[in-house]
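Per-chain residue numbering starts at 1, and chain names A, B, C, D and E are given in the order in which the chains are listed.
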Amino acid sequence: MEPILKARGLVKRYGKVTALDHCDFDLYPGEILAVIGDNGAGKSSLIKAISGAVVPDEGEVELEGRKVRFTSPTDARKEGIETVYQTLAMSPALSIADNMFMGRELRKPGFRGKWLRQLDRPRMEKMARDKLTELGLMTIQNINQAVETLSGGQRQGVAVARAAAFGSKVIILDEPTAALGVKESRRVLELILDVRARGIPIILISHNMPHVFEVADRIHVHRLGKRLCVIDPKDYTMSDAVAFMTGAKDAPTQ
Amino acid sequence: AGHGTSACLITKTDTNPFFVKMREGAEAAAEAAGITLRSYAGKVDGDHETQVAAIETCIADGASGILITASDTSSIVGAVTQARDAGLLVIALDTPLDPIDAADATFATDNFLAGELIGQWAAATLGDEAPNARIAMLDLAVSQPTVGVLRDQGFLQGFGIDLGDPNKWGDETDPRIVGNDVTAGNEEGGRKAMENLLAVDPSINVVYTINEPAAAGAYEALKSFGREDDVLIVSVDGGCPGVQNVADGVIGATSQQYPLLMASKGIEAIVAYAADGTLPENTPGKNFFDTGVALVTDQPADGVESISVAEGTDLCWG
Amino acid sequence: MSGDADNFEAAVKAKGAEAVAEFKDTRKGVLATVQHALHVNPALVPLFVLVASIIGFGLLLGSKFFSPFALTLILQQVQIVGIVAAAQSLVILTAGIDLSVGAILVLSSVVMGQFTFRYGIPVEIAVAFGLMTGMICGYINGWLVAVMKLPPFIVTLGMWQIVLAATFLYSANETIRAQEIEANAPLLQLFATKFQVGGAVFTVGVVFMVLLMLVLAYVLKQTAWGRHVYAVGDDPEAAQLSGVNVRRTLISVYVLSGLICGFAGWAMIGRIGSVSPTSGQLANIESITAVVIGGISLFGGRGSILGALFGALIVGVFTLGLRLAGADAQWTYLLIGVLIIAAVAVDQWIRKVSA
Amino acid sequence: MEPILKARGLVKRYGKVTALDHCDFDLYPGEILAVIGDNGAGKSSLIKAISGAVVPDEGEVELEGRKVRFTSPTDARKEGIETVYQTLAMSPALSIADNMFMGRELRKPGFRGKWLRQLDRPRMEKMARDKLTELGLMTIQNINQAVETLSGGQRQGVAVARAAAFGSKVIILDEPTAALGVKESRRVLELILDVRARGIPIILISHNMPHVFEVADRIHVHRLGKRLCVIDPKDYTMSDAVAFMTGAKDAPTQ
Amino acid sequence: MSGDADNFEAAVKAKGAEAVAEFKDTRKGVLATVQHALHVNPALVPLFVLVASIIGFGLLLGSKFFSPFALTLILQQVQIVGIVAAAQSLVILTAGIDLSVGAILVLSSVVMGQFTFRYGIPVEIAVAFGLMTGMICGYINGWLVAVMKLPPFIVTLGMWQIVLAATFLYSANETIRAQEIEANAPLLQLFATKFQVGGAVFTVGVVFMVLLMLVLAYVLKQTAWGRHVYAVGDDPEAAQLSGVNVRRTLISVYVLSGLICGFAGWAMIGRIGSVSPTSGQLANIESITAVVIGGISLFGGRGSILGALFGALIVGVFTLGLRLAGADAQWTYLLIGVLIIAAVAVDQWIRKVSA
C-alpha cells in the first residue's frame, strides 16, 4: 500500500537550533499513527512542516503520491488536512462558534446569504454545541462566550471538535488531550476511533503512553529531530517505546 | 453699541504672538464698546476645518459680526457666505479672502508689499555686491500657504529677482538663490533650515525669513558657525521681540505690521454695523482697508523708506 | 488496551446519560440586565457617554445647545472625522494604524478637482478616478503591511509624507474655488446637498456617514470577512493557522480604508465648497481619537465600529458645547484634553462594572 | 493539626459564570494535596483565588492561622507561596534565565551589584541550567533562548523549575505535567516528592489519575465550583475518584 | 503506585546517567557569524542601515557630506529628537506610547525660562523646577495608565492637549530672547556649549544624548528594573503573575520619561537659544519614527534602545543628505517618506535573513 502522506528528508532550522534533521515520515490510509518523543524532539515541528504552518528548509512532502508544497495551513486545509496545533490557534476575543467555523463560515440560505453574505449564526451555533456535547464538554455554558474566558481544557476541547468536524482526508492532533480531564480525554479517544472508522487516517502526537498503545496502529518514535524508528504496538511494550525515545535502548533495525 | 451685541474673532492659530496681539486688540476694543467677544483659533496654521466650525458656531451663537484671518482664503468663502446670508458682518483681517469681496471688508497688511520692502532694503544694503549675493530663503511650510508665498515672492521682487510663477515659491532659476527650506515659522525650524542651507553652500550672505522666530533660529545657526556678523537677515512682522532683535543686530530689517489696529478697527466696524447697518469703507484707491506696513531698521538704505528701531518699538504691534 | 489494573477510565466510558452540568446564575434584576446588555454590546458604553454629555451640555446651555439646529450642526461638523474614523476603525481592528488617512483624503479630492478642471474630464469620471486614487494608496499600504510585513505605523507614516508631498507637487498648492465648482461641476459638492426635517438640517454627507457606519457594522458582525478582520487583529498567527487568508484580509482592509478616505475627500469638497490641498491635516489624530474613545482597542481585534461614530460625536459635542459655553480656544483644547481622558475613564469604569 | 492554608466560602463570578461557588479548601503541613475535577470545574479559579492572582468576590483565606488577603501574586510570593499557573505566566520574548528569576533577580556582589545594580547573569544562568537539568530537560540548548522559541513541554518545565527553586512555604502546581513527556513528567513527580521531603506542602492539580494516586496524600475532588469531598487515595480506587468528580457516583459523606 | 501492568515509567526512573541530547549545528563561516551577531544583538540592524546610508551619501556627495562638519551637524540636528526618543523608547517598550513628549518638553523649558525671568528665581533652581515639571507630568501619565488602567494613547493624547494649552496660557505665548538668556542666565544654554575635536564640533547636548542612550541601554539590559520593563511590555499579565510589580514599573517608566523630556526641554533652549512655546511640535511623531525605525516593536517588550538612537540618526542622515544632493523641500519631504519605509524594509529583511 502507498502512504497517503509521505515526507522525505525534511529539515527545519531555527537559528542555531535544528528542529528537524532530515526527517522521514509516512502515514498510511485509514490508520492511526502515533508520534511519540521527548519534549523538544521536534514532533510539533514535523507536523507543522507537513500541514503548511511552516515551510521546511529542505525535503519534500507527497499527498496521495502527488508532490505538494503547502505554504500556508489554508493550502493544507483545502486538501482536506485538518490540524489541531499544540498552541490551539484560536482567536481569544472571538466566540466559540466563530472560532470553530473560522475560514469556512456558513452563510444563510437564499438572498440574505448569497447577496448580503449574511452568516447563518443559529446553524453554526447549533453545530458547535452539538460537537462539544459529543466530546462531553458539558460545562460550557454559552456558545457565544469568548474563547479567552474558557478553562484550559475547554479551549482544547473546542480545537479538537473543530478538527473532527472538518477533516476529510487526514486529521492531525498535536497533544489533543494534554489539558483534558479523564472524561473529556476518553471522549477524544472515542472520537479518534470513530474518525478512523469513517476511513480517515489520523496522526496523534501524545505523551500519554497508555492512550497511544490503546489506539495506535503504528507508532513513529521521534528523537533529536529525526524518525528513530516505527514500531507496532503489538510487538513492543510501553517500556520499550519509552526506552527508544529517551535513548536508553537502541532502536530496532527495520 | 448695544447690550447683547457679540462678535467673533477667528485666527489661524492662537499660539503665534501675532495673533495673541490681535486678540488683545479685539478684546480691548470690545470691552470699550461694551460688547461680548468670542475668540476661536485653528490648532495649527492651515487648520481650515476648525475655522469653518468656528464660523458655524458664531452663527449658532447669534453673533453680529466675525473677524477672521483665514487659513485657506478661498475655501473659507462658502462658510463666510453662509454667515453673511445669516446677516453677520464678516471682515477679513490680515489675509484677504479670494475673491477679496467675499468678505464685507478687509483690514490688512499687504504681505507682498511687506516682502518687497525687505527685498529692496537687502538689495540696497548690499549695493554693488547684490549681483553676487548668495540668498537663503527660509519659508513657512511645504504646503505653501499664501502669506508665505506673498512674502517670499515680494522679497524676491524687491531684490530684483525674476519670479517665475508668482503663486509659488521655489520655481525661480536665479543662481543667487541657494535654496528654499521650511521652518514652520518657529525657532527650531529656522535653525535647522539655516543649517541645511549652510551645508549646501557656506557662502550664504542674505537670509530671507518668513517671520521673526524663524529669523532668531537662523541666527543661532549662523552663530554656531561664526557667521553671524557677515550675513544679512531680513524678516516680517515687527513684533516687540522682533524689533528688539533688530536693535540687537540679529535681524537687519523687518517689515512691521499692525495686528492690534486691524482688530480694534474691526471691532469698531462690527459695533457700527450692529447699531445701524453701516458698512466699513476701504482705503481710497485700494480694494481693502490698508492698516499699513513699515520697514524697521537702524541702517536705512537709500531709496527705501523706513522707520527707526525706536519708532518701531513704540509702534510694535500697536 | 492500557494495562491499568484499576481500569479507572471505564468509569466514564458510558456516555450519553450525563446531564449538562450547570452553575447557578445568582444575579437578578434591572441592574443585572443593564450590566448584561453592556457586556454583550460594548458599543453601548460610548453611546451612554455621548447621551450623558448631550444632556449635560443641554442643561448647561439650554436651548442654544439643545436645539435641532445645534445638534445637527454637530453632525455636520463631525461628518469628515466620522467617515475617516470608519476607515481608521477597520485598520485598527486588524491591529494596524493608518496615519495616511488625511493625506489620502486630500489627494483624492485634489484628483477629483484637477481631473475635472485641469484636464476637462467629465466630473463623474473624475470622481471615479479620485476614489480609485484612494484605493490605490490603500492597496500600497496593504501590500507593504501584508506582504512585506512592515509595521503599519511606519508604512502609513511614510505614505502620509509621500502622498502629502505628492499632493502639493501635483496641485501646485492651488485651490479650486467654490464658485467655480458650483458653476461647472456641482457633482463635486454632492455631499453638501441639504434637506430639512423639522428644524434639523441634514446633508448627504451626514447621511452617508451614518449609513457607512451601519453597513460596516453589519459587515463586520454578520459576514465571514468581518469575522476574519477581527481574527486577524486578535492573533494573526492563530488566524493564519485556523485557515484565514491573513494576507488577503489585510490588503482588503487597507484598500477599503483607502476607498472610504476617497469618499471622505469627496465629502470634504462638499463641506468646504472648494478643493484645497491644505485640508484634512488633523484627520489622522482626530480619527484615531474617535476610534479609541469609541472603545476599539489599538491592539486590534476588540471593539465595535459604531463605537467610533459615538467617539467622533462625543468630541463634536464637547467642542461645540465648550465653544457655546464661551471657553476660549486654549481653554477649549485644555478641557477637550481632560474630557478625552474622562470619557475613556468612564468607559473603562462601566466596562468593569458590567464585566 | 491545623491546616497551613485554609479557605472558606470562596466565591468568584465572571459575568454570568460562577467559577467558584462557596468553595472550601484545606492544605495541611507537609502533605501533597491533589485537586482533581472535570474541565471547567473551577480548579484553576480556586488556586488563583488562593495565590492572589484573582481577588475572590467573597470568602476568606488563612495562612498558618492568620487571615490573609492577597491582592496580587507578589503578596503571596512574599509569604513563600509559589505557583505554576496553567498559562505558565512567562514573558515570551525574554530568556529562560530572565523568566526564572523574574521579580527576584540576583545582583552581582560588591560595588557593581550594590551601586550599579548590575545583575549577576552568570550566576543566574548557572542556577537556571542546574534546575532544568534536575528536571531532565536536556534538549534545551541555550539558556538565553527566548521562551517563545521553546517547545510546549520545555516551556512547562521552565515554569515548574522556577516554582521548585523558590517556593518556601507552599508550592502550587496547576497541571504541571500536561505538556511533558514521560521522562520529564517522571522528573516532576520525583521533584514533588523531594519537595515534600523538605517539609514543604504541595497542591497538585492534575488530570493524570495514576500520577495523582501515586503521589498524593489526600485528594480534593472539585465539582461545579465547589469542594465535593476529600478522599484518601488508600481508601478509594481511581475509578471511585473519577466517578465522584464526574457525578456518576455520589460523594461519600464525611 | 500507579497500577500499570506494563510499568513503562520505570524505564525513565533511573536518572543521572543521561548525557545532554544535542542537535548538530551545521552552519559555519563568516556569514553564519554575522547572522548570529545580528540575531543576538538586533540593534546592530539599524546600525547597519545607518552605516550603509552614510556610506551611500558619502559616495554620492563626496567630502561635502563625508566631512566631520556635516556629520557632526547631523548629530546636533538630531539631539532633541534623540533625547526624546530615549523617553519614547522606554514607554514603547512597556507597550505604551507617549504623545505628550513634545508638550512636556516645551512646558519644562517654559518653566525654566519663566521662573528665571518672570519670578527672578536663581536659574539653577528654575532648572530644577523645570525638570520636576516634566516628572510631574510623567507621573500623572503613569498614574492614569497604571492605576486607572486607561490606554496610554488616550492618556497621553489628552495630556498633550492639556499641557500644550497650559503652556500657552501660562507663557502668554511670549518668547524669551536668546540675547537676554545669554546675558542673564547662561546656564539655560548649557547644552549649547561646544567643543571641537578635529574638524568635528560636539555640543554638551550631543554628548548628553549619547550618554543617556548608553546609560539606559545598560540599565535596561543589566538591571532588574530593566528586565521588568521588558516583561511588562511583553505580557503584563504574565509579568504580574510572575511577581513583577507592574504598577510601580509602569509609573516609574512614565516618570523617567517625563524627566528625560524635561532634559530635552533644557537642551532645546541650548539649541534654539531662546525659550519659545512654539517649539517641539514635531517631537512626538519624530521620536516615534526614530523608535520604530530603530526596531523597537510598538507592541512592547521587544527591541533595543540603542536602535532608537540609530533610528534618529538615520532620519537625520537622509534629511541632510537629500538637501545636499539638491532635492528641494517638497521632494525631500516626499523622499524621506520613501526612505522611512525603505529603512524599515531593509531592517526587516536583515532580521529575516539572520533569524
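Just so it is clear, a residue touches a chain if its C-beta (ideal position, glycine included) is under 8 Å from a C-beta of that chain, and two chains touch if they have at least 3 such contacts.
Note that the structure is a prediction, hence the values are computed from the model and not measured.
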- Message: By the touch criterion stated at the start, how many steps lie between chain A and chain B on the shortest route?
- Response: 2
- Would you mind checking which chain's C-alpha centre is most distant from the centre of chain E? A
- By CA centroid distance, what chain is farthest from chain D? B
- Item | chain C and chain E, separation of their C-alpha mean positions in angstrom | 30
- Message: Centroid from C-alpha atoms only, then distance chain C to chain D, rounded to Å. What do you get?
- Response: 44
- Message: Between chain A and chain D, what distance separates the C-alpha centroids? Give it in angstrom.
- Response: 28
- Return the distance between the CA-based centres of chain B and chain E, expressed in whole Å. 37
- Send over the residues of chain C in touch with two or more other chains. 2-4, 6, 8-9, 11-12, 18, 21-23, 164-165, 168, 330, 333
- Counting only residues that touch at least 2 other chains, which ones in chain A make the list? 14, 16-17, 38, 87, 139, 141, 182-183, 185, 209-210, 224, 238, 242, 246
- Scan chain B for residues touching two or more other chains and write them down. 14, 44, 142
- Pairs of chains that touch, anyone? A-C, A-D, A-E, B-C, B-E, C-D, C-E, D-E
- chain B - residues contacting chain E, complex: 14-17, 20, 44, 139, 142, 170, 179-182, 184-188, 190-192, 195-197, 199-200, 213, 216-217, 219-220, 223-224, 241, 244-245, 248, 250
- Query: In the complex of these two chains, what residues of chain C are touching chain D?
  - Reply: 4, 6-12, 18, 21-27, 36, 39, 355
- Item | Contact set on chain C toward chain B in their complex | 64, 69-70, 73, 76-77, 80, 164-165, 168, 172-175, 177-179, 271-274, 276-282, 319-320, 323-324, 326, 328-330, 333
- Okay, in this complex, where on chain D does chain E touch? 53, 72-74, 77, 83, 85, 87-94, 98-99, 102-105, 107, 116-119, 133, 136, 138-139, 141, 162, 182-183, 186-187, 190, 209-211, 213-214, 238
- Message: Quick check: in the complex, which residue numbers of chain D touch chain A?
- Response: 14-17, 37-41, 44, 86-87, 137, 139-142, 145, 149-154, 157, 175, 178-185, 207, 209, 224, 242, 245-246
